[in-house]
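Sending over a structure as structure tokens; questions will come in a sec.
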Amino acid sequence: MQKTIKKIGVLTSGGDSPGMNAAIRSVVRTCAYHNIECIGIYRGYQGMIEGDFKEMGPRSVNNIVNKGGTVLKSARSLDFKTPEGRTKAHENLLKAGIDALVVIGGDGTFTGGLLFNSEFDFPIMGIPGTIDNDIFGTSHTLGYDTALNTVVEVIDKIRDTASSHNRLFFVEVMGRDAGHIALNAGIGAGAEEILIPEENLGLDRLLESLQKSKASGKSSSIVVIAEGDKIGKNVFELKDYVEANLPEYDVRVSVLGHMQRGGSPSCFDRVLASRLGVKAVESLLEGKSNYMVGLQNDKVNLTPLEQAIKGKSEIDRELLRVSDIMST
Amino acid sequence: MQKTIKKIGVLTSGGDSPGMNAAIRSVVRTCAYHNIECIGIYRGYQGMIEGDFKEMGPRSVNNIVNKGGTVLKSARSLDFKTPEGRTKAHENLLKAGIDALVVIGGDGTFTGGLLFNSEFDFPIMGIPGTIDNDIFGTSHTLGYDTALNTVVEVIDKIRDTASSHNRLFFVEVMGRDAGHIALNAGIGAGAEEILIPEENLGLDRLLESLQKSKASGKSSSIVVIAEGDKIGKNVFELKDYVEANLPEYDVRVSVLGHMQRGGSPSCFDRVLASRLGVKAVESLLEGKSNYMVGLQNDKVNLTPLEQAIKGKSEIDRELLRVSDIMST
Amino acid sequence: MQKTIKKIGVLTSGGDSPGMNAAIRSVVRTCAYHNIECIGIYRGYQGMIEGDFKEMGPRSVNNIVNKGGTVLKSARSLDFKTPEGRTKAHENLLKAGIDALVVIGGDGTFTGGLLFNSEFDFPIMGIPGTIDNDIFGTSHTLGYDTALNTVVEVIDKIRDTASSHNRLFFVEVMGRDAGHIALNAGIGAGAEEILIPEENLGLDRLLESLQKSKASGKSSSIVVIAEGDKIGKNVFELKDYVEANLPEYDVRVSVLGHMQRGGSPSCFDRVLASRLGVKAVESLLEGKSNYMVGLQNDKVNLTPLEQAIKGKSEIDRELLRVSDIMST
Amino acid sequence: MQKTIKKIGVLTSGGDSPGMNAAIRSVVRTCAYHNIECIGIYRGYQGMIEGDFKEMGPRSVNNIVNKGGTVLKSARSLDFKTPEGRTKAHENLLKAGIDALVVIGGDGTFTGGLLFNSEFDFPIMGIPGTIDNDIFGTSHTLGYDTALNTVVEVIDKIRDTASSHNRLFFVEVMGRDAGHIALNAGIGAGAEEILIPEENLGLDRLLESLQKSKASGKSSSIVVIAEGDKIGKNVFELKDYVEANLPEYDVRVSVLGHMQRGGSPSCFDRVLASRLGVKAVESLLEGKSNYMVGLQNDKVNLTPLEQAIKGKSEIDRELLRVSDIMST
């Protein structure tokens, strides 16, 4: 028989992303709305092991809906990979009277949560929080939309100087093994060419494309490169390669880096976070466990955590064609 | 038998919205990609009547993907409401060798286009461009996502001063008869209460909600009000009413106004504009007419213009509940 | 003989402005640097009367340098205008062991501080914090630079829609009786005409200027109007007047309002706040009182509070000429 | 006897910076105001050699006051370093009837202009445009204020993720051999430590400061490093060094790069550009030559180009102390 849930713990884990605070706020306030207690757990699974807990009432999350980062901090926990660590974490949860967990993060976070559930039959609900959008079962992860806006705004600035100097820029963006950020921000920023892990364009095609672009009268160009791209060269080697083969180009490199993870979340990410938090808490209250809440066809749905981990979030191949046409 | 399309005209009409330029760019480049000529028509249907045309090659739309407004300008045309005006417009299209039209705008734009088609059997394809998101057949209109970000950024600033002074702010946002902007931006900005045309909350409920909010320990509040709200008072009268009934509140009013229509488009709007432009041109090339291209379940689809005009873009009622929970 | 200062109180009062938090942080950390205790006083003079105090160590101001508003809140205090109120405030300061005060605000704040000093011989140092830049003795008040950027960014958005529709916009900006914001933001935003309290342009001149502008081929225009402008009509009446006299113009009005007071401070305001906070605390430690710290010729200087209150911060009349030339 | 000036040429040269377009606009409109013709010269001195000229009337610079980059493009010209190149340039100016030049750029631009003047007695006026603020004779170069805002906004985003993960970030900013950007943006962004070329802090001091910071309870830190810093290690080597010596730190590196050169100019830069453009043109009309227009004590002044080139724009050493106190 299922236990009634009276207290829910919430944590953020893995790389932080904009919208995590809005999700924490939503979890906290949905608990309050249903007269459930809510406990914030600091620094992800590590804080669970160390008992780094804090009661969170609805006023404790005032004015964080628009803040980047995570007020609960995040960390990667080696201890949680050990049975001792997880046992300690479980004891802390029991001691604090916590009946269920909402874990906000990506693949690794969900894998940890699923393992924890399998060992202790502890109710878990996942919220996908990562800028990389590489989680199966949701069209958008928290922070992805914000990261896209951050990237296009930065490339807009780079384009100012690129077109003033007739230069070629290689811009490396985040995304781990996924090309979502590169593909969408590349189209949004009007990139000449986009290199993503899912599609090996090949070096010849890149050179050809750049030559065609020059011939067509373009005086400056932006190439957006996903960090996980498999072209076999890093972005600096790529610069050398292109300059060696196309001496008419003066290439500059910009690696955008961690700024992509920060910043005030977009309206979309704030609303998404609010919706996902409500669904996560209410699903736990309905007795569900081991699901991830996500967005599918603009509706909030549940996906089994196991599928979320094993599945692959495919890029929309229509966009490859759109990108191609846009660089006409 | 259907004529082969060799030259496409593109215009923007009605209120402008961020992403219109990205859509123009997409139409122009998709034409170039398919070796079709493209003609820009200035100032909407009025420019069609006045023959204010310009050839647009792929380089003519460099560096506009990130610009607000519309390089083709927009206007409301009284002349186009007369048979003489439309006849003149048709003659100009024929004279210029234009075989089909892409019209970017809202309801009024599509109504004009449909009428024109019915009179002259002239192929028309619509792209929904308005910040109000009030068009049936697409989950998002061009500019809506950008407007949401503009509104939450401004309310974030207002919140700084609201919470420094423990004040109540009434913020009026755009949306014509639709509450999409108010509802989503309200949730995104952490509004205490959201007044939209689709849901008559009633004045009593508003007072009650504000009293509860004060009692719950909130020291400042934001109420977001859609311009088309039907509560029976304009925003300044509402201020007077609340101050009369809740003297503990010092209310300030902010009417956001036209700034919501401008600004550099979000990544989402730029990508959407690129996708819709491709689909619009390619649908015309396939011999289709009288459709609007739109986004449904994250895919680009066609909706008959007639449905787009007659249908109603419903708000997502789940969001009303989310908003309610978030203001716990 | 002068008492050694061991504990300093800090408060913000009057309208809030971006950079106040950075100034609070600077006062707190400068105290820590000199091994002086620092006490935050909430809600300005009202909190002084109510004893709403909090000890502030250097870590208590982490991560606020970039936040708008004021963590110490602000309020206007009627009680402080009474001898009883001020006596109570003095008692609270003595009870808390506070030896000197840094007051952050504008005219009213300084007037209150000076009166308090005259009654109780209590050391006071002022930091000018207001977006209006209307304080004598400093070229820049805290928040002014940020407000200018906010205003030009908003007008940039308005211009997108203005130039898409060939419209005339009247944009009302803050500044109380001073035209600093209107004049500088007007030049920065490329306004056609700027109406400020310091210079009565006259209605005829405005009409003439708009007519000339139309004749010169400008298709859209922005007129920036200071809220304190003395042209004898409010911005809505001005719209009616212009439309009656220049029927070719379709005028839209935008009153920017309180958003101008919020937002993350510009780099300039953050650096200025940091410099002024250091100087304020160190001047108190040197035994000085009744001064305002300010910026003069890029250097931090002291101005007697009395002069700061009585003097007038003149606009730079060169800018009127620049504005005139820019609208050629 | 001095020739009456009837036609002025304007060019941008060297690295581009935000505000260059506003300065071009100001030069063009000031010419129009004085009924002088204005010729835009593309790609700096290279375009002068190639005769790449365009007449610019007051409407040709509509809507560029807020654009980053330079509509006249910029380039570094090797040909201009040869007597043949300069002779050709001079011939082109004479052929086009140009009587005087406004050159917008930095050191290199002014050096070229001065040489050109010495050879052909051609009137030259310089406007300092560079984000580095490394020009003697002006407190602010065009683009510097904007770059500061860009840098602090990006570091604000990085701080979100730094404080969520308790990490140390090394952020490299531009500035060539000058520490102005690093010092001011470092203070503005609340950096723990700032490394600039003008002040060799030394590696020991850096380690010590980081240790102290950890001890004082700070959980995350930002170190801002000027690209021209002389600490003897590049930013990646510095990361390795710190991690080797302070294993408790997990260091991330972010090199901000060219985005610092782009973006819409701040209000300050737009107003400054407007003022400098007016002064540059009017000084030429008064018969002056070989000066740079600049800002000194908030007033626009002239500095002989020779001094501007030879002098050094010193950092404000008060700021080093402020930075030190702020990181208490």
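Brief remarks follow.
A, B, C and D label the chains in the order they appear, each numbered from 1.
Simple rule for what comes next: a residue touches a chain if its C-beta (ideal position, glycine included) is under 8 Å from a C-beta of that chain, and two chains touch if they have at least 3 such contacts.
Bear in mind that the values here come from a model prediction, so they are computed numbers and not experimental data.
For subunit B, the chain with the farthest CA centroid is D. Note: centroid distance subunit A to subunit C, computed from Cα atoms, is 39 Å. If you average the Cα atoms of subunit A and of subunit D, the two centres end up 36 Å apart. Separating the centre of subunit A from that of subunit B, both taken as means of CA atoms, is a distance of 28 Å.
Residues of subunit B in contact with at least two other chains: 156, 159, 163. The touch graph of these protein chains is a ring, one cycle where each chain has exactly two neighbours.
On subunit B, the positions that touch subunit A within their shared complex are 25-26, 29-30, 32-33, 58-59, 62-63, 65-66, 139, 145, 148-149, 151-153, 156, 159, 163, 184-185, 187-190, 216-218, 264, 266-268, 270-271, 274-275, 278, 297-298, 300, 316, 318-319, 321-322, 325-328.
By the touch criterion given at the top, residues 12, 15-16, 18, 20, 67-70, 73-75, 150, 154, 156-166, 169, 252-255, 257-263 of subunit B touch subunit C in their complex.
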